[in-house]
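You will see chain A twice below: alongside chain B first, and alongside chain C after that.
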Partner chain A sequence: MEFPKESSIEETTALEYLFSRLSGLRKLKRNKASIVGLCIILVFIVLALFPNVIAPYHPFTTFRSRQSPSSEHWFGTDTLGRDVFSNVIWGVRTTFYIGTACVLIELVIGLLMGGLAGYLGGWIDDLLMRITDIILALPTLIVLILAVSMFKVRSINIIILVMGLIGWPYMARVIRSQVLSIKTTPYVEAAKAMGATTQRIIFRHILPNIILPIVILITIHFAGYVLWEASLTFLGLGDPNSFSWGVMIMAGKNVLRSCPWISTYPGLFLFIMLIALQILGDGLRDIFDIRV
Partner chain B sequence: MRLRNYIFRRLLMIVPLFFFTTILVFTLIHLAPGDPVMIMFGTSTPYMKDIVKEMRETYGLDKPLYIQYFIWLSRVFRGDLGYSYLNTRKVIQMISERGWPTIELMVLALVFSVVISTVFGVFAAVKRHSIFDNLITTTAVLGRGMPNFWLAMNLILIFSIYLGWLPVFGRFTVGAVFSSPFGYWLDRIKHLILPVISLSAFQIAYFTRLIRSTMLDVLGQEYIITARAKGLKESVVIYKHALKNALLPVVTVVGIYIGSLMGGAAIIESLFAWPGMGRLLVNSTYRREYQVLMSLNMIIIFMVLVSNLITDVVYAYLDPRIKY
Partner chain C sequence: MSKLLEIRDLKTYYFTRDGVVKAVDGVSLGMEKGENLGIAGESGSGKSTLGLSILRLVRTPGRIVGGEILFKGEDILKKSYDEMRRIRGAEISIIFQDPTSSLNPVYTIGDQIGEAITLHQHKVGGGMLNWLLGRFNLSRAREVNEKVEEILRETGISDASKRRGDYPHQFSGGMRQRAMIAMALSCTPDLLIADEPTTNLDVTIEAQILELMKELQKEFDTAFILISHNLGTISELCDKIAIMYAGNLMELSDIKTLFESPKHPYTEALLEAIPRLGSRGKRLSSIPGDIPDLIDPPQGCNFHPRCKYMIDGICNRYTPPFIEVEPGIKVSCFKYIPKSELSGLGL
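Let's look at the complex of A and B:
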């Protein structure tokens, strides 16, 4: 009697599997809040893609400074005479840049650390998880303040790098626990018994199954990174040359009494974005009933 | 006995963590361009080279990094946290006078958030699907997305600038003369309101949701039905049977949030010119105050670890099922 080779068994590819899992997104309809969140995020994506079409002025165009909101300048002008509304719209792109870049760094480190720890186990698991625990125990914002302030150049890329390097432990933990639980499922053991390569097990069997918790975590952490950047900027550690909302809020801090609109409107957009991401993340978590 | 062992093991964990974090912070702040001497004299003073060199030697900044670290370490073990470079004051003195305002702010924010969220959370759970429940849940969602500095700025705008009810900054009115202790305390409380609210807003939102959902969970349990069937008063059922169990997850979360509360305190203190450790930390990073930074970080991390430990112990005490 001959056993079939694993590759000859009819099997969905990772991509097909992913789509079949994500088709569960249709369930989103039942969760109204997350639909609202998703719509807001989509609007923000459009704003990030076409700020030149939507924003009435180029961000460097200057007008009479400190004008209060009017039909010409919806959100007024700032202390340098730039149109606040246009700046806020251009800021969406920076915000997405920050969030996406940080999440990518987090994902790479998290997959490496969590994946290795979960898949290999043994002393590697112990070592990697102790490192993760230590970083998780640090008060994040305090370490961020320290780390970012130590660079002479105030650059958005440095801030992103530092945030990504500090923000991964939670992701690593979630990935590790997911890998651990999936590693012992019958189908992975069956694949192993049939002689599947490690590569195949990881990419075909394990990765597609842990994608959902990762997506949910990314949604929530994206908001976290954006908030961290704004907080750092607010403390004077941001990149003054970037179009981030944090920089705009910071710029209005000292003229809060006379021109509150300079910092209020960028803050409002930040607020809306954070809420949209939060309710989307919460919604996804409720729908798929996944604890992260 | 087991619990004692557990606490002992956890305290042992602090040792490697201490070395890791101090080395990390030490390397970070020393690798950065610029040092305290440069901040003192500025960079455009070529003719003062000798003095700068001498100053560096005095402070031991010319030695290799690892030697500087060991010097710092040996001093710390002898209980000497060193002196500030800029005003030659003892670091321990600087931190001790800054510590109390921060603790005051953090403890009040924590107590405030736990109390408010318990009240709201329980109320929302008991009156499930009522208009109050919807209102509370919605507010909680909004509160979680609120950046604390933006909230603080809006609060200042509304309550201090437009309405003029509350002071904008500081811990008390500087130079004010109070006729009675009552007036003094009123002034102190007035200064506390806005910082405490802005610092605890996120926690309130988060805890409220948590308490509401665990409370709903608990209220559906069989022992609640039993308690009701026994004919106990509804208030006894809710406060004695349900609430005690619903608060369990909150204890864990409170422990976790001590660290982020410290970070929040740095922002809120900077905004309200609150004379606390967070503001000292932010200011010291600009001035490259190595000694102050090292000690502050040590203390903050120690505080976070100890509060995590206390959380675990309290949790074990509240939930007899937990074994270590």
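Let's look at the complex of A and C:
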């Protein structure tokens, strides 16, 4: 068959090609709510990067304790006399760190366990899923307390590691069930018939189709880890040198009636951050999941 | 020269909880290069399993338990996973029956057709690094895109350069099947298996797709196996036809002879069961009885409980051999074996 000589394929430069690959970002524009979410997260990222520029005081600077909010101390001071506003701003970094690191650990283990179990099936599936069930059956908080108290050092990294190692079973289960349902679809079969390798089938055909539940689970669990860290801190197992919002919320709990601002403001910020993440998660879903 | 495809006594069983389902039980077939063959049979007769067996894509609990599949003289069943992978898509391709779900919803049509081309013509492995590097290999991307557009145009998709960037849900059913055909033909395979390619399409689209496949087959000189329950579809497209019943081949013949003088009692009954225009008032005949349970098939010929020529003591005791009764026509039925020769077959 003869084809017209003038090929309709435009000459693309490397840059244009790259932009065409990022065209998904343009889709985000259509979703107004997710733009708001993205902006809030961007503000939080700036706060996390430059707390020393934005916060009026260093978090350890003390003033008269239990001052109510004023023009000098926007969110008041806590029981030890520290400026709550400055603490909240310094806390952005820690909170992000905890959430992101834990979710990453969860994702890696969950993908490995769930992916292998779902894709390979058979006795491997049984073995990995029983391990998952065992972890899932453990009373989370008690195990967290035990595990963290085994370490002499109170370090935020150890807490993150322990939380990540306990939190992955849900992710593994969700991924397994998704892989199970996607691996038998005709298009995976068709890819196999076209000679695709196992790796290619997993990374190109299965993973992109299960991104939606993963993104949703991540946004939920991000919040969960921040709250777990707060509970640990409340029980006296937190890292005394970190300024996470969890620590601040717990610190103000006993004086909630007399000085509500100590807990309320970090809590409010946590709330805003989680809502923003949730909205952004929805937007990301719209980008990745073209079926919606 | 050896045949393109030679299947010898292929047995594919499904090991289910209720027992062993003998979906394909001793099928032998041969195909030359560029030939086209239709495989017809009722649902459950094992014709799809036969097609999947050729690509070794039978899913667990199914397994090929015996026989040989020689492709270009080499036994496919003895190949390693990686060798097999190289054959799939490049030398043997398959078109599945459901074009709606056979395309991955998250990639564009062009991406998916291009995948086969990159996999086989650029010998790209599946590794992530390879994949990432491939994304930035511009000359290759352009080359693949050109190839994709060419093949899309050949399968009759207008405005190929634009439609290449569309997602499957933006395509209609007929267009998706065209895209599937484009994908299957993208590496010019020597053998194309089409597993009921037009079942889910309406008749006008079906006619278009069949016409297209006929054209492309001539152009690419691809040997072609069409699996269908519709004798009309097969007669439209193929020169030879194999009739399958309960995991066995009953008759292998050329289309014309089969319709004019069917040899096997099953084929005869099957042809009588086709509704015809102008035969109003006559009762549509059907084959008495049901397709046998493949877990526990009847002894002897699988068709004997429904056969009006059944010879007691032979058909229900021995399996008929698949023998040539006329040049190019093979039948597995005792009706064509003279009484005097029955003893010669060791019966």
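The rule we apply is simple: the second predicted complex is superposed on the first by the 185 of 292 C-alpha atoms of A that agree within 3 Å, B and C clash if a C-alpha of one lies under 4 Å from a C-alpha of the other, contacts with A are read in each partner's own complex, and residues count from 1 in each chain.
Just so it is clear, a contact is a pair of C-beta atoms (placed from the backbone, for glycine too) under 8 Å apart; a residue touches a chain by one contact, two chains touch by 3 or more.
None of the values given here were measured: they were computed from a predicted structure.
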{"item": "Touched partner set for A:L284, first chain B, second chain C, both or neither", "value": "neither"}
{"item": "Contacts of A:T185 with chain B and chain C, given as first, second, both or neither", "value": "second"}
{"item": "Chain B versus chain C as contact partner of A:A193, first or second or both or neither", "value": "second"}
{"item": "First, second, both or neither for A:A230, with chain B first and chain C second", "value": "first"}
{"item": "Chain B versus chain C as contact partner of A:L47, first or second or both or neither", "value": "neither"}
{"item": "Which superposed partner A:P208 touches (first chain B, second chain C, both, neither)", "value": "second"}
{"item": "Contact residues of chain A, present in both the chain B and the chain C interface", "value": "none"}
{"item": "In the complex, chain C residues that touch chain A", "value": "55, 57, 59, 85-90, 93-94, 96, 98, 101-107, 115-116, 119-120, 125-128, 131, 135-136, 138, 141-142, 145-146, 149-150, 153-154, 161, 167, 169, 180, 183-184, 219"}
{"item": "Interface residues, chain A side, partner chain C - complex", "value": "1, 3, 7-9, 12, 14, 17, 21, 184-201, 203-205, 208-209, 288-291"}
{"item": "Interface residues, chain B side, partner chain A - complex", "value": "16-17, 20-21, 25, 28-29, 31-34, 141-142, 144-150, 153-154, 156-157, 161, 259-260, 262-264, 266-267, 270-271, 281-282, 285-286, 293, 297, 300-301, 304-305, 308"}
{"item": "Chain B-facing residues of chain A, complex", "value": "33, 134, 137-142, 144-147, 149-152, 223, 227, 230-231, 234-236, 249, 253, 256-257, 260, 263-264, 267, 270-272, 274-279, 282"}
